[in-house]
Amino acid sequence: MFVPKRIVEEKLRQILSDDIGQGDVTAAAVIPANLAVKAEVIAKEQGVAAGIEEAVFIAEYLGLMVKAKVVDGEKIKGKQVLIQISGDAQTILSLERTMLNLLSRMSGIATKTRMLTERLENAKLKTKIAATRKSAPGLLYFDKKAVVIGGGDPHRLHLDDMVLIKDNHLAIVGSVEEAVKKAKAYGSFTKKIEVEVTCIKDALKAAEVGADIIMMDNFSPKQAKEAGKALKEAGFDKILLEVSGNITSDNLLEYAVAQVDIISLGELTHSIKALDISLEITTP
Amino acid sequence: MFVPKRIVEEKLRQILSDDIGQGDVTAAAVIPANLAVKAEVIAKEQGVAAGIEEAVFIAEYLGLMVKAKVVDGEKIKGKQVLIQISGDAQTILSLERTMLNLLSRMSGIATKTRMLTERLENAKLKTKIAATRKSAPGLLYFDKKAVVIGGGDPHRLHLDDMVLIKDNHLAIVGSVEEAVKKAKAYGSFTKKIEVEVTCIKDALKAAEVGADIIMMDNFSPKQAKEAGKALKEAGFDKILLEVSGNITSDNLLEYAVAQVDIISLGELTHSIKALDISLEITTP
Amino acid sequence: MFVPKRIVEEKLRQILSDDIGQGDVTAAAVIPANLAVKAEVIAKEQGVAAGIEEAVFIAEYLGLMVKAKVVDGEKIKGKQVLIQISGDAQTILSLERTMLNLLSRMSGIATKTRMLTERLENAKLKTKIAATRKSAPGLLYFDKKAVVIGGGDPHRLHLDDMVLIKDNHLAIVGSVEEAVKKAKAYGSFTKKIEVEVTCIKDALKAAEVGADIIMMDNFSPKQAKEAGKALKEAGFDKILLEVSGNITSDNLLEYAVAQVDIISLGELTHSIKALDISLEITTP
Amino acid sequence: MFVPKRIVEEKLRQILSDDIGQGDVTAAAVIPANLAVKAEVIAKEQGVAAGIEEAVFIAEYLGLMVKAKVVDGEKIKGKQVLIQISGDAQTILSLERTMLNLLSRMSGIATKTRMLTERLENAKLKTKIAATRKSAPGLLYFDKKAVVIGGGDPHRLHLDDMVLIKDNHLAIVGSVEEAVKKAKAYGSFTKKIEVEVTCIKDALKAAEVGADIIMMDNFSPKQAKEAGKALKEAGFDKILLEVSGNITSDNLLEYAVAQVDIISLGELTHSIKALDISLEITTP
Amino acid sequence: MFVPKRIVEEKLRQILSDDIGQGDVTAAAVIPANLAVKAEVIAKEQGVAAGIEEAVFIAEYLGLMVKAKVVDGEKIKGKQVLIQISGDAQTILSLERTMLNLLSRMSGIATKTRMLTERLENAKLKTKIAATRKSAPGLLYFDKKAVVIGGGDPHRLHLDDMVLIKDNHLAIVGSVEEAVKKAKAYGSFTKKIEVEVTCIKDALKAAEVGADIIMMDNFSPKQAKEAGKALKEAGFDKILLEVSGNITSDNLLEYAVAQVDIISLGELTHSIKALDISLEITTP
Amino acid sequence: MFVPKRIVEEKLRQILSDDIGQGDVTAAAVIPANLAVKAEVIAKEQGVAAGIEEAVFIAEYLGLMVKAKVVDGEKIKGKQVLIQISGDAQTILSLERTMLNLLSRMSGIATKTRMLTERLENAKLKTKIAATRKSAPGLLYFDKKAVVIGGGDPHRLHLDDMVLIKDNHLAIVGSVEEAVKKAKAYGSFTKKIEVEVTCIKDALKAAEVGADIIMMDNFSPKQAKEAGKALKEAGFDKILLEVSGNITSDNLLEYAVAQVDIISLGELTHSIKALDISLEITTP
């Protein structure tokens, strides 16, 4: 998910522009023009930093001097200075909220993801935590990047990078078997094929007709384990197993112990707890 | 916040386009072209519906037949059908996630807001719940609209519609008094002036030089009550009082009892619990 | 109305791009590539400079060296050099007309506004001159900014920053009283409420139900004075009074003497006399 | 200058969107949703209608029913109904100002142009009135179209459709002769070549090296007549003669009598008197 | 690569808008407004139709009546009518060239692709023809879609849908082995990994560390065959083999006979022979 | 066709952005961040360089150091280094294909154009080679510029810079005479008028009513010569003659010998042979 700085800037400029509207009337009225000040972006609670790169890009784009004191993915503590900024006061104040909204959302996502990935790592399990496409509308790039920074897998980036056959596709096509066959026949060889199944029998059929990844929807850890076993016994030891649905912090390890390869969670990006981060002017 | 349908459509088209990328490879490979199907958008849990209008706009824009079964702001139950859709299967499947991301985020925000506003209403208190600008990046319009649907006040829509002097402005200008004076002198008569204060003394000064709204930052309910009393005694009975910071579901009523006019909460829009909503193809 | 430079640049780039089309065929054919020249932007008549900031932004954006010799709002004389530019000849010639169109329109607006505000200041009157939304299509930002530079108030910036109930709203709602009540009930506490009235009786009603500003449409100076008096007698001494319609340079002072707070004039932005400004290449 | 409706709509949508911002807070607060009303666009003074097509396009685009009662270019009287509209009240009120700004500016330009072209026609003179590129920033298309509707020639549409060598090009190239030669050598055969001259001698030189049109800058009517005569005597009877600069309503006929082909006036588009046009809700 | 019609329309609108510029001056000057005519899009030579869907989309978008007489992928003969259009004459004439440019390029690509795929099919070989990213700048979507219509595989759609390690990546990373290991470690499980190799040894190494597809750069048919054999003997019978470079119509079958899975050709999209297609007005 | 660098950058940014999508997953996975490398853009075959300026613009825009070793229009040999680049490895690799697609297409067009123009120059003929609007969709600017770099004339840049009456216009208007008359009456004096004719009689009529350029459609060299002779004999020695249709490398000289002024060829831009150009990382 490498995107050249100038392309990211354009996304950020649009976000800022939406907030600016016809102009920041507060900065215009109470802050002198061309006044140089310094400011710090400070974490108010511990977590994992994300969005630092974007914050630096947009601040530099606006002509500010910026110095990141942490890198994306770094663990941060409360009161820690994340970024030092200096430059035009009106510009800093107009940018403040946009920058903090980015940082606090992305850091919130990264923090939650890291918490889960560490739980797996601590248990010496190789299962991966993955995002879904359940992001805030229009924020696929930033949300997925935050998951990656937190140690998770971004999963499908959008609709063009993978064949992912879900319940609604199956409702139309009729069967897992038929759907995967169509994907093999009409899809590009460059794309992996993943299919959602609701029982072990369908998992086996999917494997037989060539699915690369099998998503077990709402399987219990026990069912997931059995599915994995059945697939291995049938010789499909290279197929990846993903579970999705009903997974919580509490039962996460049970799934991982069941040796699924990927656990994907919509809540990583659709239900956020923003990390508390603020900006403080340090020199008037 | 009325926006003509066609202007909203353009925002929605951009969000959808980002998800589509170079094309939906799954729909292309496994779903027949020009196949008419029916689908339902169904709530999986109770809450307050929001984003229904947007969902209808984008579906109609794509040429689908849509029938909303609830209106924005309506209370919904689990398993309730929110929207019925019919039309081209590939189009519905390509739209599904974008539509659900909008609905589940906006409904999540509206549900949380309604929960808080009802708590105040049930206690027969007139205090209003308000949003802040702490939205997801770029989603000011949708997030604010969801708060309004939930019964809250959108507060400042972005940087151009109100003078809101916060701690960082004060750090530069030096005093509440000076900042409000500048806002009166250099701002437009069309804008209300709100200023953040950290003590009752500053609240009184702000009132004296003409602030319309006083935001009490991190005041306890007791302090807030005292500030209100002091202002009334000084004859400033038309000034609105807003509290912000450290407000939780638990102490919300205490603030309201203290007769503050507005309680604003960043978490309404920065820390979301998405409402669980899904789309189901009902006829293959 | 502070807008960060890079956001303004984007607006200016679009304006320039529209003029460039598929390319400047004259500069391409007759001017050598990569030839460095100097140029001056010169006022051909006296007035008030506006658009200097925009001119500098767009010239710098294109890689030219620019030095502003005056600041926005400064009085300028005929033959006065406003800006010195040096750099690539083809670029300067391609930019010339776009830059001059901005400068001459904005300076024309600022000059007219200043003329009127000075008339009031000279008479020691505190009444403000204000713009309306009657700008050239799409030029709200530049037109309003020019009015501010000329000493006027920008009034409402667009449709999102103030509730302004006009004749057509009233034609639907039925009465001033009802309309203002609705605005109080359904609008945000962050927005001022202004309402247009056609008689003193309605002005009083508007005040009683909480309007912040009353716009007296086509009132004579005498009527305006009476309205102000009636409102003060009824205790509404904080309500702002605005007159609009039928105001000319001749009767401007009469209205101001009548102690209205704001005189708004559509002609400031819809009927322009551009200030004559030209660009001259000074070194071949 | 034919532009398909859908392309014009996109320009108009951007203009409207800029005015809407985060939403029309007045329509939202005081006007019921989904209320059907009727409205009329009415001229408040006589003139020439222009912008009718654009007004219809944008209103239809927003889903309103629209009926134009006049066509672009038609003479209109005070109190005349120009357009009838019916549909959603909030939409009509949000569109009102954008639509009127377009109509009043374009009609103002068309009215002024028609006044001048009729003066020439009444005197049985074939000289044409032409616009320049001195439009409001970004409004080349609408301003030029209004001139055409008024009976004028749009002149160069922007920088790509004609070679027009002006004083600043000459300051760099050195001589009219050299500049036109370069244009012939390096420009495309598809473009006409016009060159600005300040004396008859240069006019003759320009003709000799192949200019198609000669722009006489600040020539008196007498000088213009002599130039025309000199060119004819030299056999250049197909070259078009344009005068520009210092032309007023008073001396317009003198130039025309001097048999120049084109009189171009910057003031047609840079110094506007908007035609007074309003919208009135006719059924509540 | 399914893209909803309205998203494709937006791409097409931009292409058309670029051609229209400030307006079609020919249609405006010589064609009456609002004149209904009929037209036919006719093939001037045989080939495979592509771009029909896009042509229909853009024509309908502009308000024309359109009837496609062939579907994308259908073989067409010289003089065959592809599309019938009726509606506004000025609109049809303004659209003509944009529509034909799309049709003739896409049909040219599809025709060439079909010619190659048929050669393989006729020889009963299962090798696939694939595109590369060597499209015309900005036309990835249309060029890839045309290849698919012609029976080819679109290959990677752009940079986000597959890991494709090429010579320049290897020049930095050092070895095929190291690069593929990194891709496995840091890439998402959702993406296939392809790597370019220049010798059989590297092909084996790539397979050992987990590459999904091996691109043999400039291999002779004999070398390609040996590589395939070596991989199968080593047990890597599920790895896909792609050849690229130096493939011509003449040696295409030799590679296919060598049992490579995919033959990718840059020339399919970078070196085009447009299919000759024209539009004819059939009723004046 | 001079376009300021920053305007071209915007076109290039959009092209790059389309290729980047949600991010370059290969560069992200296998290439270290912030690694400085050097690279060279190298011709793999001889031809004429074009697109060098664009390649430099986009590389500089992305923050890379770039040094062009050739200028647009220069003849290049196989293995010749065209551009040296240094900077961030991930950025260079993400840009590689977009840059090469531009360079190879534009150089391919310039090379073909130069080949034809040189054939005419070598025969001491003054006939010009010209492009048409038959470009790749959306690439008018780049395709036309490449033709100019190759020594050809860009012809009409798009629909706004010239009146060009073609067969379909004539099918509606009825006759060459009538169409040219309308163009003279309703078109601007700033535009040349060209008309397509199919016989000498129509060529004469077109000349009589004032056409500037006559396009002889599918004339044989002999017919073209006769047409030229007839026009000269009738005194129309300033009218330009263009031939179009059925012109090949073989009969090109015959047309030129027939003294037509312009030979326009659609294949210059619709049927491309891309010049083989590659980028090589030179320091790991």
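Letters are used for the chains, namely A, B, C, D, E and F, taken in the order the chains are written, and counting of residues starts over at 1 for each.
Keep in mind that, in the parts below, a residue touches a chain if its C-beta (ideal position, glycine included) is under 8 Å from a C-beta of that chain, and two chains touch if they have at least 3 such contacts.
Everything numeric here is computed off the predicted structure, so don't read it as measured data.
Counting hops only between chains that touch, subunit B reaches subunit F in a minimum of 1.
Two chain pairs are in question, B-C and C-D; the one with more C-beta pairs in contact is C-D. Both subunit E and subunit F derive from one sequence, and where they touch, over half of the residue numbers involved are common to the two copies. Of the pairs listed in A-B, B-F or B-E, the one whose interface repeats that of D-E, with over half of its contact pairs matching by residue number, is B-E. Using the average of C-alpha coordinates as each chain's centre, D ends up farthest from subunit A.
Distances between chain centres, each the mean of the C-alpha atoms, put F farthest from subunit B. Distance between subunit B and subunit D, defined via averaged C-alpha coordinates, is recorded as 44 Å. Subunit E has its Cα centroid 52 Å from the Cα centroid of subunit C. For this pair, subunit A with subunit E, the centres built from the Cα atoms lie 32 Å apart.
Among the residues of subunit D, those in touch with two or more other chains are 1, 20-25, 27-28, 31, 94, 140-141, 157-158, 160-162, 188, 191.
Judged by the touch criterion defined above, the protein chains are all mutually in contact, each touching every other.
Per the touch definition, subunit A reaches subunit C in the complex via residues 13, 16-17, 20-25, 27-28, 31, 61-63, 90-91, 94-95.
For subunit D in complex with subunit E, the residues that touch the partner chain are 1-7, 10, 140-141, 144-145, 157-158, 160-161. Those residues of subunit E whose C-beta lies close enough to touch subunit C in the complex are 21-22. Against subunit E, in their complex, subunit A makes its touches with residues 1, 128, 130, 153-158, 160-162, 188-192, 194, 213, 238, 240, 261-262.
Within the complex formed with subunit A, the residues of subunit B that make contact are 14-15, 18-31, 35, 37, 39, 89, 93-94, 96-98, 100-102, 104-105, 108, 133-142, 157-165, 167-169, 171-174, 179, 182-183, 185-188, 191, 266-267, 270-274, 279-281, 284.
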